[in-house]
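Shared chain: chain A. Partners: chain B in the first complex, chain C in the second.
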Partner chain A sequence: MIRQRNLWITLLLLWSLAPLLWQLYTSFCTHEALLQPLAEHNQRWTLDNYRQVLTANPPFWRYLLNSVIVGISSTGLTLLIAIPAAYSLSKVSQNVASAARLILLGAALFPYVLLFVALLELARSFNLGNNLLALSFPYAGLSMPLAVLLLLSAFRDLPSELEEAARLEGFDLWQRLRWVLIPLIGPATASTAILVFLFSWNEYPIALTWISRADLLTLPVAIARIAGSSVYSIPYGAYAAATVLGALPLLLLVLIFQRQIVSGLTQGAIKG
Partner chain B sequence: MIQLLLVPAALLIALVFGIPLLRYSWLSFHADSVLTGLVAIPNHGANWLRLLHDQRFWQDTYQTARFATVSVSLELLLAIAIALLLDQRWRGRGVVRAISLLPWALPTTVMALGWRWIFNTPYGPIEQFTELIGLQPLNILSNPNITWLATVVGDVWKTTPFAALILLAGLQTIPNDLYEAFHLEGGHPRAALFQITLPLLQPYLLLSLLFRLAQAFGVFDLIQVMTGGGPAGSTESLALYAYLNAMRFLDFGYSATVMISGFLLLVIACLIAWLIIKQTSHWREALK
Partner chain C sequence: MNLVLQNVGRRFGRKWIVRHLDLEVGEGECLALLGPSGCGKSTTLRLIAGLDQPNEGSITIAGEDVTTVSPVDRRIGMVFQSYALFPHLTVFANLSLGLQVRGIAASERKQRVASVLALMQLEDLAERHPAELSGGQRQRVALARALLRDPLVYLLDEPMSNLDAQLREDLRPQLRHLILQGSQPVIYVTHDQHEAMAMAHRIAVMRDGKIEQIGTPQELYHNPLSLFVASFIGRPQINLLPAESGIIKAIRPEHLQLSSEGIPCRLVYREWLGTSQLLILESNRGRLRMLCASEITIPETIKLNWSPEKEHQFDASSGERC
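So, the complex of A and B:
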C-alpha cells in the first residue's frame, strides 16, 4: 500500500519537474552537446547560454524588473479598490450580495483573452501604450472579480460584534477599516495579493499588444519574442537559459507563499 | 454611503469586461479594416454572413472544441488522482504539493518555449529517444495530425495543479465519519470512491470543469508561442484567429465577430457540459 503510494508520489514529482529539469540541463549544455547528446565531447558544459541572455540588449534582468513593477503596481491597485468594495458588499442586503456574487463569478470565469482587442482600443484612445504602470488598470480590472469574492468571504466570516464594538468606541468608518477590520482579514488579503501578483506577472496577450518598446517588455512577452526571433537556427541553449531565469523567481515565490496560494485558490472554490 | 465604496470596483469591471463586449457586438455589424481606412462603416451583418462561410473559422472552432474537450477531460481525471493522493497523510506532503503547483505558477509562454524544445525534431529528447530505439522520427511539431496532441500535453501539464487544488479543497470538506460508517457496514474502500467521494465532490468537479473549459476555450498564449497555430493551421484556436484578424490582417470588424462567436460557442459548450453532468447524476440516482 505504502510502496504503491510512493510510486504515485514519484510519478507526480517526475511529471511536474521533468520538463523543467530538461530546461535546466539544456541551459548548461554547449551547442555541440545539444546537437549530438550521445556523442563524446571535449566540452559538454558551459555558462555561455546564461552569459548570452544576461548580456543581450536589453539584458534579461530588465524584463524581470519590468514584471516586478507591473506585478506590484497591479496588486496594489487591485487591493486598494477591492477591499472597500468587498467591505461594502458584506454590508448590503442578502439579495443584492447574491446577485453581485453571481456576476463576479461569471466575470472571474470569463476567458479574458477574448477582451484584448477592445482593451487595446481603449489603450490607444487614452494613450496608455508603452507604459508599464498603465498595465495595472486592465490587470486590476481583470483580477477584480476574484479579489472581491475572496475578500468578501473574509469580511463575512468576521463576527459583526467586533465592528459594533469599534463603532461604540467612536471609531468612524475609515478608522474601523484601518484599525480593526483590515488587520483581521490579513490572511485573505495575502492570498488575494499573491494570486493577483501571479496573474499580472504571467499575463501575456494584453502585455503583448500594449507594450512594443523592447526595454519595457514584461517577462512573458520577452520570452515569446525570443521564441519568434529566429526560426531557422537552434539557439535552444539560450532559450533554455531564459526559461530557467524566468522560472526561478516564481519557484521562490511558490515555495515561500504556497500556503497563501493554496488557501486563496481553495477559499475561492469553497465560498465562491 | 457605504455603497459608494463599490463604485470604483464596479466602474473598473464595467470598463474592462462590459465595454469590450458592447464594443465587439457593435463592431461585428460594421466593416472596420484597412479597406475602410480603419473607420467603422455599417455593413448590415456582412461579417456574420462571412463567418458562416468561413472554412478557417469552422476549422478553428473544431480545433478549439477538440483541444478543450480532450485537455479538460484529461486534466480532471489526473486532478482527481492527484487530489486523492495529496488528501492522504504522509511525510513531505507540503513540499510535494508546492512542487506540483509549480507548473501552474510559471508563465505559459516560458514553458511553451520549453515544450518547443522538448518536442523538437530531431534534437529534442523525445525524438532522440525514438531514434535510439530505431523508430522513424515522429515530427511532432510538423505533422498536422499529431501536433495538437503536443499542445494538449502542454496545457494538461500547466493547468492540472489548479484543478487538483480545487478538488483537494472539496475532498477536505468530506467528513471522515462517512468513510468510517461505510467501512463498518462492510463497504470496500474502492467502492467508497464511487459512492461517497465522487458524488460529494460533484460541485467542485463542476466548478473546475466550468473554469477550465472557459480557459481552454480561450487558449492563446500556449498555441501562439508553441506552434504559432501551425503546422498548416492545424492548431489554430479561435482566440488566435481573432488575434490574427485584428493584429495581422487589421480587420477589426471581423475580429470582433470572431470574438463574439467564440464567446457564444463557449456558453453553448458550458450548457452542454452542465446538461451531461446533470444527466449522469440522474442515472446515478436511478441506479441506486
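So, the complex of A and C:
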C-alpha cells in the first residue's frame, strides 16, 4: 500500500518538477552542450548564461525590482479595497451577498485578455503609460473579484460572537477591524496576497502594452525580449537563466508564508 | 440600578421571535430566562445588550431609556456561551484591550487587569492564549472581562453549558459570589431548569417568544400556571394523567405515596439515585414516575395515592391551570 503510494507521489513530483529541473539544467549548460546533449564536450557546465543576463543593459535586477514594485503596489491596493469590501459583504443580507458572490464569480472567471485593448485605450487617455505604479490599477482591478471572494469566506467563517463581544467592549468599527478581525483573517489575507502578487508577477499582455521604456519593463516582458533578442538563434541558456532568477523571489515568498497559505486555502473546509 | 423591558417585540420578516415581553429585574437580582431552544431567550438577551434592535417596546437600564442606544454606551457585561475570547491574544491582552479602547491609561489598565486576574485566580495564566486554557479557565477569563467592563447589567448566555457537570457544580457558588454581590441586575439565560433554580432569585419560563410564567423557583415548582411550566420545572418530570372531562391532573413524582387503595400499578424498573429511588410504574392510566426513599422495598404490584392538595389541574385544551 505505502510503497504504491510513494511510487505515485514520486511520479507526481517528477511530472510537476520536471519542467523546472529542465529549466535549471538548461540555465547551467553551454550552448553546444544543449544542442548536442549526448556528444563529448570540452565544457558542459557554465555560468555564462547568468553572467550574460545579469550584465545586460539594463541589468536583470532592474526588471526584478520593477516587478517587485508592481507586485507590492498591486497587492497593497487590492487588499486595501478588498478587505473592507469583503467585510461589508459579510454583513449584508443573505440575498444581496449571494447575488454579489455570483457577480464576483462571473468577474473572476472572465478572460481578462479580452479587456486589454480597452485597458490600453484607458491608459492612453489617462496618460498612464510607462508608469510602473499605474500598472497596479488594472492588476488590482483584475485580482479584486477573487480577492474579495476569498476574504469574504474568511470573514464569514469568523464566529459572529467575537465581533459582538468587541462591540460590547466599546470597540468602534475601525478598532474591531484593526484589533480583532484582520488579525484573525491573517492566513486568508496571506494566501490572497500571494495569489495577487503571483498574478502581477506573471502578467504579460497588459505589461507589454502599457510599458515601452526598457528600464521600466517587468519580468515577463523582459524575459520575452531576451528570448527574441536574436534573429538567428534562440538563446536558450540566457532565457532559462532569466526564468530561474525570476522564479527565485516567488519561491522565497512561498517558503516564508507556506504555513499561512496552506491554512488560508483550507479555511472553511472544516469548521473549527 | 434596575432593568425594565416594556412590551418588547422583535420580528424577522412577519414572524415574531419574541413579543409582548414585560420584565423587571431589580437591584442585585438574578433573573433566569429559562426555556427550550428556539423559545426566544437568546434573542431577548441580544435585545437587552443592544446587539439587536426591538421592533416595538422599550428597554430601560438604571432609569434611562436605552432602546436606541448603541451597545457600547449601554455598559453591558456579557458572558457568551462560546466565551468569545479573542483567540489571537493572550489572556492579559484579552482583558486589557477593552480598557485601552475605552481610553484608560496604561498604568491603570495594568493595575485593574492584575486585580481582576487575582480575584479570578488567573495570575499564572496571564500570558497564555485561550486555546491553551481549559473550559473552566476560559469561562473565568470571560467573566473577568465582564467584570472589568464595570457594567450596569450582567448578561450571561448559557455560561455553563460548555462545562462538564462536576465543574458546573464547583463553579456555581463562585459565579454567584462574584456576580450577585454587586448591585447590578443579572440576566441568566439557560435551558437547564436545575441551573436556573440553583442560580436565580426568579425564573421567567419562556415558550414561543412569550413569557409563560415568572416567579421564584418555589412558586414555579408549587404553583405552575400552565402544563408547560409544570412539565418544564422539576426533575424527574411531573406525572400527567390522561384527560378526564377536559381536565388533566398532574402530580409530581415525589408526591406519590404507597397506599392500600388507589391506582393499581406494576413496577417496570427502578433507578437507584443514592438517597432516593425513581420507580417507573405501569398503570391503567399510563406510565407513572415515583420518587421515594431508597430504603423502602417495593413489591411487584402496588397501589398509589396522593393527597389532593398536591394535585395540579390543567385545562386539557388550553394547558392553563384551573
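Heads up, the rule we're going with is that the second predicted complex is superposed on the first by the 252 of 272 C-alpha atoms of A that agree within 3 Å, B and C clash if a C-alpha of one lies under 4 Å from a C-alpha of the other, contacts with A are read in each partner's own complex, and residues count from 1 in each chain.
FYI, a residue touches a chain if its C-beta (ideal position, glycine included) is under 8 Å from a C-beta of that chain, and two chains touch if they have at least 3 such contacts.
Here the structure is a predicted model, which is why all the values come from computation and not from measurement.
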Message: Given the alignment on chain A, is it a clash or a fit between chain B and chain C?
response: fit
Query: Is A:S212 touching the first partner chain B, the second partner chain C, both, or neither of them?
result: neither
Query: Roughly what angle, nearest 10 degrees, sits at the C-alpha centre of chain A between those of chain B and chain C?
result: 100
Message: Applying the document's definition of touch, where does A:E164 land relative to chain B and chain C: first, second, both, or neither?
response: second
Message: Applying the document's definition of touch, where does A:K91 land relative to chain B and chain C: first, second, both, or neither?
response: first
- request: Would you check which partner chain A:Q43 touches, where first means chain B only, second means chain C only, and both and neither mean what they say?
  value: neither
- prompt: Which touches a greater number of chain A residues, chain B or chain C?
  reply: B
- request: Go through the superposed model and pick first if A:N130 touches only chain B, second if only chain C, both, or neither.
  value: neither
Task: Quote the smallest CA-to-CA distance from chain B to chain C in the superposed model, rounded to whole Å.
output: 15
- prompt: Which positions of chain A touch chain C when the two form their complex?
  reply: 159, 161-162, 164-172, 175, 179-180, 183-184, 186
- request: Would you mind writing out the residues of chain A in touch with chain B in their complex?
  value: 5, 8-9, 12-13, 15-17, 19-20, 22-23, 26, 34-35, 37-38, 81-82, 84-85, 87-89, 91-92, 104, 107, 109-122, 137-138, 140-142, 144-145, 148, 173, 198, 201-202, 204-205, 209, 219-221, 223-224, 226-228, 234, 236, 239-240, 242-243, 246-247, 250-251, 253-255, 258, 261-262, 265-266, 269-270, 272
- request: Provide the residue numbers of chain C that touch chain A in the complex, in ascending order.
  value: 49, 51, 71-72, 76, 78, 80-82, 84-88, 97-98, 101-102, 145, 149
Field: Partner chain A, residues of chain B touching it in the complex
entry: 2-6, 8-10, 12-13, 15-17, 19-21, 23-24, 81-82, 85, 88, 90, 94, 96-103, 105-118, 120, 123, 125, 128, 132, 157, 161-162, 165-166, 168-170, 172-173, 204, 207-208, 210-211, 214-215, 217-221, 224-225, 228, 239, 242-243, 246-247, 252, 255-256, 259, 262-263, 266
